[in-house]
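Just dropping this structure here.
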């Protein structure tokens, strides 16, 4: 029975992430969404607890999905859970290259962990957390890219 | 319980294909390797029966793998089996672009079929069926890329 | 007043082409859709007259669009019309590379002709004439990619 | 009558930018070069007023070009002007991917604004503002990439 | 003392090829331009003797360059000469991917042969033998891309 | 007799760098590995002396390789040595694009300096200095990517 971990920064969580989660949940018996903890190099807008909280709220209707915070290498987290699949969404060429470099490095670090890729829906294929942050910073609406509660939290954060 | 179809031309089967099959078999409960039948546009070296036969011989030790021939759209074959996962190996940028175009088209044709990508081992990442055919045509050895029986059959075919 | 030529094979015309035409018609004062004539190297499904006819039928409601057949280099056609803009749709990396090579070659051949690129709607970004032909050849439905009359003509052609 | 906005950071303005401006001015009835204001995330060498000033000086001979500073989302600036074309130069694959992601996001934010791409001259295709800043920082000459006044201002800035 | 082989189809020889040859001749003590013989899969316009003849005529002023015809794998030709460098020009992303796949395959076939890449001049970076053949077929001028004798031979060939 | 400079940050030196150095040393009569000095924009883990020291220790068995520190433009360093070849390893698409932009800029700055590319071994093709730093920061092992002394120095640095 294949169980998978979907690691990420989720800074912030987007409809694209939710789409990958739904696809992963339909393929695997269990899917743990794993939020990168304090070691994120780029300045996060939300704490790891806040990011995990958004994910929990928007995946609570999916029976076999849970959300955890981790602060090790992703492959070490997969191993610690006793799983052997690492799920990633892939959308663009530059995604592809980065993800492959990461997946090959992970294979070197933990041969038994397989990285598996799915594509989000086309309508979310161009959504990037960085563009979302820029739009909000300029006062634009991101309601097409993130749920309402995320948008509001983003706006509150940028108003400060 | 996720079951997957791995469709392809396998013209000829390489160590790269076998690597993808082993990875797929470790993730999915059942994996059907599906050989494209008579409708292959490019002139095949081996008949679909020959290609399926090589695959069967080299996967007979993997409990949950079987080999079939199909002559419809790949998504229609997945549907006919009652499966909902289509497995593909992905190695290079141009692979990536073609595979994504195909996967998005397939999603349009059969929304319930999910395309899932895995990476073959790095050592097989540059093996291409076309280069293999060229090497054999020039009298070179392809023993690093295909099993011995495939190499011999290729040589016999090009000698004619 | 900028006038543009949108050259192509249109083999067959897709919703993606119609989308590019509508976008071009909104930018330029006049847009001539130019169908490559007999010199198409790849075996066309439809004659240039048939291809032009589909385009005319589906663009007849757009005031500033007309359809012509040409059999010279695209830049020579643009020049012969007294225009100086060549319009192209661009969707993917491989599109990009091919289109740039072509545009730079065209600039060498006719410095005064500017190539201008627009993006089709995301929903048409993965539609390829080649995949459409393959799907029809396997008996699949392409109603999401081409208008009904084109699909019917394609099916009739492949049945023969 | 199509009017276009060409937004950018212009940090600093290069011959590549001037080339795109000349091409845009030949296609559109009016072209507004729009300099990103205070919200630039990366530390700018020149203030937005300085950057706009270089652009004005080097485009003053082009009748239908003007230069403005903006501090909103680019699409909101296009809308505020009552225009519906956003012009961008595109040179490389990584340009391509970034520009497409941006253009698709902009289309979501303002459906009526069309992003249109042109290619700068081949000789400016590899000029990057970042490389220019690095060369000046190492005491190299950038006279092939920027006008004399820009080079002198850059040198003065790095000497400090 | 490093000696190199520059293998290719040269169908036809372009200014881009000559540029790579001059660059290679400045780096290596000896450079053998190696013309692929009868086993070219795509229908050649000129025989291998004709292609070699154009190369010889246009490189006769370069002391350390010679031209040969070969009909084996390129690495086997390098080996037979007792050399260990294979020179290739590289211009575009798709070049890059194909060349890398080829170079990795060659490394597997002959570990001691190193593939070395140089970039042609920017002005030849978009010249492709295929586009040249298309332009001539449509009656266009290719004098910017190939020497006069090659252009005349091309025209004579397409007139037939 | 061709002599080459292989410039880089080497932050830290990896097996991939050593592989490129061995390949370069087999092609060129003399190879100077040139370590970027104080002007590195990104915060270096090791001083330029430390980085040069690792390189010297691991290349001391290669007769024609030496290590130097430089703090000018790479092409100016090549010129100052009286060399005319700049060696670079190239592994990925994004490498390719960045390296080409750099090489074209360098050609503009110093026409007589030729940039030559080699590929590292496939097993080092995905090793990135950035990923190595991330792995060490998370307590993972990088013994597959760097020699033991480099790994120990990295760990000591991150413990602080």
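Letters A, B, C, D, E and F mark the chains as written, and numbering starts fresh at 1 in each.
Note that in this section a residue touches a chain if its C-beta (ideal position, glycine included) is under 8 Å from a C-beta of that chain, and two chains touch if they have at least 3 such contacts.
These numbers were taken from a predicted model, which means no experiment stands behind them.
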What chains do subunit D and subunit E have as common neighbours? C, F
Matching A-B in over half of the residue-numbered contact pairs, the equivalent interface among B-F, D-E or E-F is E-F
Which pair wins on C-beta contacts, A-C or A-D? A-D
Max Cα-centre separation from subunit C goes to chain F
For the homomeric pair subunit A and subunit F, should the interface be classed as same or different, according to whether the shared residue numbers exceed half of all numbers used? different
Centre-to-centre distance between subunit E and subunit B (centres being mean Cα positions), rounded to whole Å: 33
I'd like to verify one number: the distance from the centre of subunit C to the centre of subunit F, where each centre is the average of its C-alpha atoms, in whole angstrom. 47
Which positions in subunit A touch two or more other chains at once? 93-94, 97, 100, 104, 122, 126
For this entry, which pairs of chains touch? A-B, A-C, A-D, A-F, B-C, B-E, B-F, C-D, C-E, D-E, D-F, E-F
Footprint of subunit C on subunit E - complex, ascending: 92-94, 126-128, 131, 134-135, 137-141, 144-145
The answer for subunit C against subunit A in the complex is residues 93, 122-123, 125-126
Using the touch definition up top, name the residues of subunit E that touch subunit B in the complex. 39, 41, 71-73, 76, 93-94, 97, 100-102, 104-105, 108-109
Where on subunit A does subunit B make contact in their complex? 1-2, 23, 26-29, 84-85, 90, 93, 96-97, 100, 103-104, 107, 114-119, 122
